[in-house]
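Each chain gets a letter, A, B, C, D and E, in the order it is written, and its residues are counted from 1.
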Amino acid sequence: MENIIKIENLNFYYGNFLALKNINMDIYKNKITAFIGPSGCGKSTLLRTLNRMNDFIENIKVEGNIYFKGQNIYSKEVDPVELRRRIGMVFQKPNPFPKTIYENIVYGLRKNGVNKKEILDEVVERTLKAVALYDEVKDKIYKSALELSGGQQQRLCIARAIAMQPEVVLMDEPTSALDPISTLKIEELLLELKKDYTIIIVTHSMQQAARISDWTAFFLNGELIEYDTTENIFENPRDKRTEDYITGRFG
Amino acid sequence: MENIIKIENLNFYYGNFLALKNINMDIYKNKITAFIGPSGCGKSTLLRTLNRMNDFIENIKVEGNIYFKGQNIYSKEVDPVELRRRIGMVFQKPNPFPKTIYENIVYGLRKNGVNKKEILDEVVERTLKAVALYDEVKDKIYKSALELSGGQQQRLCIARAIAMQPEVVLMDEPTSALDPISTLKIEELLLELKKDYTIIIVTHSMQQAARISDWTAFFLNGELIEYDTTENIFENPRDKRTEDYITGRFG
Amino acid sequence: MDITKRRKFKNRIFHVLTFLCTLFGVIILSVLLFSILSKGIKWLSLNFLTNFPSRFPKKAGIYPALLGSLWLIFLTAIISFPIGIGTALYLEEYAKESKFTDFIKLNIANLAGVPAIIYGMLGLTIFVRLLGFGRSIISGALTMSLLILPTIIISSQEALKSVPDSLKQASYALGTTKWQTITGVVLPYALPGILTGTILSISRALGEAAPLIVVGAFAYVSFIPKTPFDQFTVLPIQIFNWASMPKKEFQNVAAAGIIVLLIILLGINSIAIILRNKYQIRIKD
Amino acid sequence: RQGKLAGTIKIDGSSTVYPITQAVAEEFNKQNPNVNITVGISGTGGGFKKFVNGEIDINDASRSIKTEELAKAKANGIDFIELEVAYDGIVVVVNKDNNWAYDITTQELKKIWDKDSKVVYWSDVRPEWPKEKIKLYGPGTDSGTFDYFTSEINGEEKRIRADYTASEDDNVLVQGVAGDKYAMGFFGHSYYEENKDVLKVLKINGVEPTTENIRNGKYKPLSRPLYIYVNKKSLERPEIKSFVKFYLEKAKDLVEDVGYVPLEDKKYQEQLNKIK
Amino acid sequence: MNKIEFESKEKIKKSEEIIKKILKALGFISVLTTLGIVFSLFEETILFFKDISIKEFLTGREWTPLFQPPKFGVLPLVVGTLLIVVISSIISIPVGLGSAIYLSEYAPKKIRKILKPVLEILAGIPSIVYGYFALTAITPIIKIIFPQTSVYNALSAGIAVGIMTIPLVSSLSEDAMMSVPDSLRFGAYALGATKYEVIKDIVIPTAFPTIVASFILAISRAVGETMIVAMAAGSTPKMTLNPLESIQTMTGYIVQISMGDIPYGSIGYRTLFAVGSLLFLITFTLNLISRYVIRRHRRLY
């Protein structure tokens, strides 16, 4: 299996607080990897380390290496702006820009110098179809994105992310603010998307992890306790703590 | 059994919204009565109707009668200020005043014209002992109440309420903001207090209701579905909806 | 890659530009303080504080203006403070939501934006002429009070709003009346915030000159006001007066006056900040 | 004798006379610290308005009282004494760096200052003067100086061109002219005395506004006496009586101090006799 | 347990009623103030317009109310005010907005903590000090660059007013930008946007209405600012847009006349109130507009 991201001896500090402790793991291409663990264990922190979104927080320190397709993303040559274009991200709460649906999707493209109308039109249509939103919104793509429902907004945010044709998409609890039906739609969408993208998803729902992910990583207090195929994690956890967690004994 | 409060055909409106529908019930003296039911069913509303704390909300309407020791509390002669002195209240979140522990407890007394130091000292000691806080705080009763832990604060609030020698104490989820150990302490305290006071408690925890209350009332959508001894409610619910709720099938 | 470079370059330029904007304010402030200090500091002396104005720059002093200013802010404070807090209490604690309450709030917000000099004309018409207080301290103080009232009310309202509802409810649940709850819980909690806002407004009154010129505090005053009905002058007007004197030295006297004014303002504002930091009650959530 | 007198003296009126009165007040207060004196600067007209209403004790005036004002005083039962305190000349000044104008005629002044004047450039006054915009400064409308200048030069009180910088505060005028090479202004002689170093005064019809020329009336038409008007009722109060007496006794030195021309000794004596 | 005797509340309840009435009465003072303003301005203004037609007042191009013959066209004062507003806005709006952007988006917390109070100090300095500064520091510098500048000129006063209103723009705009949710920013960053692009495309458009409101408030403040223009802008009511010339604003006129104490009841006295009324109406309208803009914005979010 081909790894697309490799994490080596990663320590992460907020000020003096060690939020991630010596993490080592490979993320495999065209798979869905789920990060699970109780609140505060560092899932989001790790996710944001992968596309350097943590750069915006003051007083952080990163030790160790993260390789994206063999290149250390914390090396001087890597431009985080460019990195984020290639590693997209979807957040917990849908955060469409207060612009039209169309402009939301093409925002990243425009910033990267793509301004040809044909291309943009094509991308909008393709991504909206990819996130199964096309039929629902095709009549109002020039209306404000804020008028969509929460579930639609989240799918739009995914569309916006994949419009950049990233290689990896990071998702931080993308369905936790949504109703069950929207959640289901997005889960289906993820299974569809993994053909083209590598997906890392943070989730609080064991069921969701079990349903959609190929690999699952269980974190506790900033440590990576266990990382294995989803099947193994849920059926054959090697660590007592993993077992306790997935059977709902704590958290 | 002696009833201390009698509720007759009570309807309660927030504006046009009918929040309580034709409630009829008796509250018995020196018992603990628990109000249970899913979020939004009207438990807090009913509780606040009993000491007219709802008066502070605009646009409400009360229909029907509530008798406190035989007197209709919504009649013109009843002074709500006096009523509240006799029917005390403890809130979900501990809300000590930003004053000393001492001044917190005697606040109500002072405002009601009791200023003799001997009386106040005696009350402070007695109530702190009653809420089992005396040993923990006796060295700092002239320190700010804000320095106490959440559980201690809540016990202080109970002490503050009983310092007024109310006849009934209303409690709206008094332990929901507290850790299990503090919760346990307060539950013990309530069992102790019911010798002297009548207690009505709103709780989301079925276990808590079962552990401490003598009577339990189950509400749903503003209706009183079932009201019976706690034993009957939990072991022999007559209504299907009560059964569903206490077995955790919804809510 | 070229485009990314350009984008990052733009960002850097913008960063520098906005930083320069911020720096501009800082630089101006330093230049202003420096130019005033360098002109005025040599003229500061005890005599300057205790002398009367004079036609000789060397003998000129700020005493009557200083006392006039103190009188003025003292009176302004005792007039505006109770009215401001009372109004805020009424609006936050008593008034029901209604068109009328909305109107009062809108009205206060609008008053906050009325130029100071308009208040001067109000003072001239109502206090100086209609009520016949003449060009006295009390006329000035009443005018200033009206001028700063909206700010006091608005900041007091903010402070009152910050009082947690749970505290009020707790108080009511102990059988207290509204006013008892206000004095027992609401005011003690909100007071630091109220005081901070009030003191800052008072310091504004201290620096204002325009309304007082209209009210008529512009004159040579050779004495210390003893009652609120005396004529007076204040620091900013005295400074204004000196600044427009033709003798070059008077420019420096004016600068010395400005230093005194700024020191007083600084003192008052520090009191506000200390109050805010020291007495701010923090309720754990 | 220090501190015996107490009370208040309210003075208002002419900004031209103000420096004299302020100086007198300053000196007087040294000996009588308990007398509260306020000196306003409302201009002669503004001061008379208050004076005839009995609102003030003394009015500084740079012209004598007008008939309307007199009538008002009569109607209000205000009795007063007019006292001459000094001579003043209205000076016409230009910037120190002005190296073309040294004297000017009354006709030229009228040409410059009259209503609807066509003078825009200095060269419009005399062709040999530079073709630079002339910037004009003069006192505000509420002043005796303004009244006097407009009536003497333009032939009608308050008749003047509209586009000059007018200020009630003569210091503003001094600064204006001092700061501008192409400026011209007019105001009381004293302000020139105090700012000789930054201003240059023009001869009028060939006569320089020297102390001598002002006193003997050669400096025409812009020299005039200055007055204070004292309410007779107020004069009964010891502090005011004493103040006015002090005023006339000390005037000679103080008037010179602040840049005006004192009266002859004999004349001061005459004034003193009026308040006996 | 001894039964405690409580006092009756009868007496207290009576005083409660009185207190409530007193507080309500205090609430009326603000209304009275407004009425007072309207009354004191408009009474004399109406008398003024009995003698002078509104048309002459609003369209006349000469303002010489106290000369012979008097002219009552307020336009020169309005133009003077406008000049000050334009000059000050050229300073306060870009610099204020720039500072706001820097403080809210770029500045590290520590630097922000230092710089923000400095800007607040700038807001607390009395206008008389700015007037002095304009006269003694800004004008001399302008004269070095443009020697033909008048001692009293619109430029110097306008710059000072602009400096004074920087904090007004910056603090309001900064608040607005700070309240733009971070999730929007991160959404854009995650698409590979630069900080500049996030500010330009996300932060400013989202906070725009409040930013605009802050501009309007700064303008309104400039319209009403008095001492700076009285000290530095001169007192020549002139229809000119040349910033190097001496001009007069509406507020400047009011102060000038107030210092001279115009006789009560004369037409000159009434011009004060006519100009005051106009000033009041202009600032009042500006304030209403800014409130409206902010309010509409609130409804959106």
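Remarks
FYI, a residue touches a chain if its C-beta (ideal position, glycine included) is under 8 Å from a C-beta of that chain, and two chains touch if they have at least 3 such contacts.
Given the structure is predicted, the values throughout are model-derived calculations rather than measurements.
Where touching is counted per the definition, the chains common to chain B and chain D are C, E. Identification of common neighbours of chain A and chain B yields C, E.
Across all inter-chain contacts, the pair with the most C-beta pairs is C-E. For the pair chain C and chain D, the distance between C-alpha centroids works out to 38 Å. Between chain A and chain C, the centres computed from C-alpha atoms are 52 Å apart. Touching two or more other chains at once are residues 81-82, 111-112 of chain A.
Shown for chain E are the residues in touch with two or more other chains, namely 9, 13, 194, 197, 259, 261, 264. Within chain C, residues 7-8, 177, 180, 216, 218, 244 each touch two or more of the remaining chains. Here the touching chains pair up as A-C, A-E, B-C, B-E, C-D, C-E, D-E. Of all residues in chain C, those touching chain B in their complex are 96-97, 164, 166-167, 169-177, 180, 184-185, 188-189, 281-284. Residues 12, 40-43, 45-46, 49, 115, 135, 140-143, 150, 156-160, 162-169, 172, 175-176, 178-180 of chain D are the ones that touch chain E when the two sit in their complex. Here chain D touches chain C in the complex through residues 8, 10, 12, 18-19, 22-23, 25-26, 29, 35-41, 169-172, 174-175, 178, 191, 194-195, 198, 257-258, going by the rule given at the top.
Per the touch definition, chain E reaches chain C in the complex via residues 9, 12-13, 15-16, 19-20, 22-24, 26-27, 29-31, 33-34, 36-37, 39-41, 43-44, 94-99, 101-103, 105-107, 115, 118-119, 121-122, 124-133, 135-137, 163, 166-167, 170, 194-197, 199, 217, 220, 223-227, 230-231, 251, 254-255, 258-259, 261, 264, 272-273, 276, 279-280, 283-284, 286-288, 291. Those residues of chain A lying in contact with chain E across their complex are 51, 53, 56, 58, 81-86, 88-91, 93, 95-99, 107-108, 111-112, 157, 160-161, 164.
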